[in-house]
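Labels run A, B, C and D following the written order; every chain starts at residue 1.
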Amino acid sequence: MIIILKPGVEAREVRNLTENLESQGVTVNPVYGTELTILGLVGDTSKIDSSRVEGNRIVERVMYVAEPFKKANRMFHPEPTAVVVQGRKIGGAELAVIAGPCSVESEEQITLVAEEVKQAGAGFLRGGAFKPRTSPYAFQGLAYEGLRLLKHARERTGLPIVSEIMSAHDIEVFADAVDIIQVGARNMQNFDLLKELSQTRKPILLKRGLAATVEEWLMSAEYLLAGGNMQVILCERGIRTFETYTRNTLDLSSILAVKKMSHLPVLVDPSHAAGKWWMVPALSKAAVAIGADGLMIEVHNDPDHALCDGQQSIKPEGFRELMKELRAIAQAVGRQI
Amino acid sequence: MIIILKPGVEAREVRNLTENLESQGVTVNPVYGTELTILGLVGDTSKIDSSRVEGNRIVERVMYVAEPFKKANRMFHPEPTAVVVQGRKIGGAELAVIAGPCSVESEEQITLVAEEVKQAGAGFLRGGAFKPRTSPYAFQGLAYEGLRLLKHARERTGLPIVSEIMSAHDIEVFADAVDIIQVGARNMQNFDLLKELSQTRKPILLKRGLAATVEEWLMSAEYLLAGGNMQVILCERGIRTFETYTRNTLDLSSILAVKKMSHLPVLVDPSHAAGKWWMVPALSKAAVAIGADGLMIEVHNDPDHALCDGQQSIKPEGFRELMKELRAIAQAVGRQI
Amino acid sequence: MIIILKPGVEAREVRNLTENLESQGVTVNPVYGTELTILGLVGDTSKIDSSRVEGNRIVERVMYVAEPFKKANRMFHPEPTAVVVQGRKIGGAELAVIAGPCSVESEEQITLVAEEVKQAGAGFLRGGAFKPRTSPYAFQGLAYEGLRLLKHARERTGLPIVSEIMSAHDIEVFADAVDIIQVGARNMQNFDLLKELSQTRKPILLKRGLAATVEEWLMSAEYLLAGGNMQVILCERGIRTFETYTRNTLDLSSILAVKKMSHLPVLVDPSHAAGKWWMVPALSKAAVAIGADGLMIEVHNDPDHALCDGQQSIKPEGFRELMKELRAIAQAVGRQI
Amino acid sequence: MIIILKPGVEAREVRNLTENLESQGVTVNPVYGTELTILGLVGDTSKIDSSRVEGNRIVERVMYVAEPFKKANRMFHPEPTAVVVQGRKIGGAELAVIAGPCSVESEEQITLVAEEVKQAGAGFLRGGAFKPRTSPYAFQGLAYEGLRLLKHARERTGLPIVSEIMSAHDIEVFADAVDIIQVGARNMQNFDLLKELSQTRKPILLKRGLAATVEEWLMSAEYLLAGGNMQVILCERGIRTFETYTRNTLDLSSILAVKKMSHLPVLVDPSHAAGKWWMVPALSKAAVAIGADGLMIEVHNDPDHALCDGQQSIKPEGFRELMKELRAIAQAVGRQI
């Protein structure tokens, strides 16, 4: 951590700040410039709350040298982490493919899609039971009945289930019903939910927030890890920019940033990123080429009549085709699918 | 609602879609162009889920003519709404000023600041008990003890209290302890929390999300209104842009947009927007000049040692000075303070 | 300037880099941390090209302590600069108001609007002769004939003229025809144009780029100052964000940032920022309240039939009304209009 | 084009607007809703200036149904365009790879890099002679001497040359010296330069602006095409977002958007997008996987001492390695390299 002081600060004030910082266990190295003074901090600065330092009126700015997260940090955990779900690894040489409809609509629908995606090679089934919708008047999901239907689809196909949680109230039900609990983009900084989830031992799929930096995303992962839940899977799903042609802008360089800064596995959701079904296959190929640990893809048997997000869902036959095409790309980058 | 169809769509498919839409209670007017066909929908389109229409493969795009919210919409409720809290109006000619520290730190601190801001003319006391922090290692607030201290400060000063809720678990405690429940920017689309809050009869202060459009913000207000809680106060607090000099970019034109589109009162929080205490007075003046219904300002007796956000807190003497300066601006735009 | 080195860098490499830097006239203070080494540079770092330092493979990151501009920097020029145009100060206690149509359309139009805005109290006349249009098929301005008509309007009213230049080819014509040469947002980083304009002695109105940080904007001003043209006026006109309700997002905090970092005067253009005429009055009031040195407002006698930007132009009577209302705000912040 | 009228508009006003529009050669179909009236325009709306329509006070909003560009539009030119440069196709099955240093620094440097990248399989040589630098104090390029050295490198290697133009003054010199004239991101909306370049018969490489939508990018291409220069190559180089870890955010979905909306070939520049050399190989693979027509990559023999952008340049050996790895990806998507 580096602290830039305001011009014209008195020696006494610098001494006070230095003592205060050193009492928190770090060593302070001052560098006196012609106009400004900077303090270089050496030691474990993760215990120092930078926003408190910035509140000090003699401080101009605080700059991080190392990332402010510890347990998610690759510097202290160089080996990549793989999360194992029902014997399937997420984060290894084999790519994890999660597929299924935006929302569970009926027993027939979810079972049909589950069987289709399994046959095509998907390793996990996704399906929304509780849906975060911008409008209170839009379809909000089948709720607990949706979870029941997902369990039924798992029994039929053996595919582990991923579904999004929207309230800490439901943690027990989810822990019982699903194999991976998804935290959606809008809840990435729902810190209360993160804290409660950090107490479970279920794998968590943490989507990147709509306007979250990679660092903030990793800080949210840190909430889970700090609480003791080490089974964290990240998922890039596009960020908000000024571009309106796509629903969001898929930030594939974030995969490289995550891999550099953290040891956690990271997937890509091209469906929510683009918001256009016809972009999904090409974005999926790019995601595999760049080194993502897997994909999360919306597949629906009848997108024309889907209760949500039909415009970004591909059909089972398209998914089958895509899985074949992905094989060659995976191979070219030393992965399997 | 206007629906643009793909080029080369068959008449039969247009007929099917038209019938489906008309069965939902609207009238469909087709306009046949040389390359494209568009359908103009007349009637109450708020019941039609546009994302479902977009899922249809013959549909190119769906465009809204009217805003997708009803109860928050000024078109159907032309008179501005004022929320009355302990006899004080938010949304009338008199500006509402909410002031206080980022977080409650001790009985002495909160009482002192409460008395100072009251004397300076603030109408409400703010103070965080539960703090949404990016880092799990940062101070998380005094929690229930913080709420107790706030109540004590209210007893001493008579100022109504505003504090942020982070979990639906705490609704009852908040309903009992505070006068206005704040929903923070990071929870603006925590739909589960919004639904539960829509069932209380406490006024809600709904902050704009970090990267939320004004329309999405009003859709979140609609969640509260649709559930029956009509006492909604909006609060602009800056949005995320590429500019890094300020913590966020205060979007004052959003005040004008809200006033045009909605009847709800709207405040401005210059402290979180700028993230720099020395910007707060000038931004406050601009907010009053543009027609905001009030301000939410961080005031701390000792920002150098504040447990959070000291860098954006002004001191009681600065707040006193500001209140005086705001008077002339308020008067110039036909308001009082 | 602070240089963060990669972990595990060899002493020899650090020595090489240090020697290289010190040969450029600065002193290097190393701070050795447990994981990382940082180098604090003391002296005139403006001569050091940070992007070259970042190219060095042992360097992790370069961070600026002081701003990378010199002549535009308030640190080295604490007194605010006023630009004097035909005896009128831009940057003093009196606010500069520039008003007029988006584009010059005819002699009658520009003369009429010039007389109207003069009567209402404007100090300068704006009018586009060369128009930067997104579409090659849109009206591109009357070009040299437009400049001729502007000169004619100046003769009639005595108002100094502001008009946008689009090509270095035209510098001589502009230097002869107008009083202030405007560089539009899209040309803020047209460095060739800036270099050529730095050689003239005409005042330059430099608009902020659509997606430029305040620092980049000041670096573009530095191009003008470094070349010897000290008469630079800045103009905030909104930045691009995800919000689509307004054409751009007016960033009023940038006025405060500019005033802190630089001595140059800065105006606000609410018309281009909002893209909606009905927002212009309130945004203008906010701009004055925050401390802008003046305004640039689009006024058109017949916006319904304007050849460009009619949707953001107010009418002469609206402008007259606004000028009256601005007086009280100006007075409240110690300015005149 | 669809025009939404304000509520409560009089029939007479609608009639006037309708007549005005129909006199411009389109047919107007009104749809009368309960609250709003919309006008659907049928015919060639490319001649109608939407910003003029929006200026009309009875108009609430104008929405495009078809894209506002013609010659760049795939709807009217379904076959993809290939630009042929010295017998090499850009836009065909074979990928175009442009490689070379950020800036030409010396005869040895450019010749060495040219030979290295040729041997590795690059089809074109890039090298900056005129450099757009944020700071006036940074290295600005070798200018005309740089062009001379590039020509020399072409003689030695036979590789066609790409270099960036910064002023319309230099068009003749560039037309003589280089094979493809590059328009940089900061000049994407330098309309004067675009108009002048539309008069040459040299291929133009048009980079996407830092904050340009895909539509605006294609409108800038339209300036070139409308003037008669049909040899336009697009190049995605990242857009500006709130994320600061990378220099820009590479928007790979824009490749898919361009391919859908336009017939023009489109390349990807991963070097400027990421601003980090170690991200270049993986981003290149993703670009090929998604279907880009080629790459533009910065290669420098000694990035530690490069005069600019060393931090984003890979070395010749890294480039060689990358070219090999790209082959398998290209093959997987039906392309060659």
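In this text, a residue touches a chain if its C-beta (ideal position, glycine included) is under 8 Å from a C-beta of that chain, and two chains touch if they have at least 3 such contacts.
This one's a predicted model, so the numbers in the text were calculated from it and none came from an experiment.
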* To do: Specify the chain most distant from chain B by Cα centroid.
  => D
* Rotation angle superposing chain B onto its copy chain D by C-alpha atoms, nearest 5 degrees -> 180
* Asked: Any idea how many Å lie between the Cα centroids of chain A and chain C?
  -> 39
* Structure fact -> Averaging C-alpha coordinates per chain, one finds the centres of chain C and chain D separated by a number of Å equal to 26
* With chain centres taken as the means of their Cα atoms, state the distance from chain A to chain D in Å. => 31
* Structure fact -> Within chain A, the set of residues that touch 2 or more other chains is 211, 240-242, 244
* Structure fact -> As the complex stands, chain A meets chain B at residues 46-47, 49, 51-52, 54-57, 59, 68-69, 130, 132-139, 166-169, 186-187, 189-193, 195, 210-211, 216, 219, 222-223, 226-227, 240, 303-311, 313
* Asked: How about chain B: which of its residues touch chain C in the complex?
  -> 211, 213-215, 239, 241-246, 249-257, 260, 273-274, 278-279, 282-283, 285-291, 325, 328-329, 331-333
* chain D contact footprint on chain B (complex, rising order) -> 2, 4, 7, 29, 31-36, 38, 40, 42-44, 63, 65-66, 75, 211, 240-242, 244
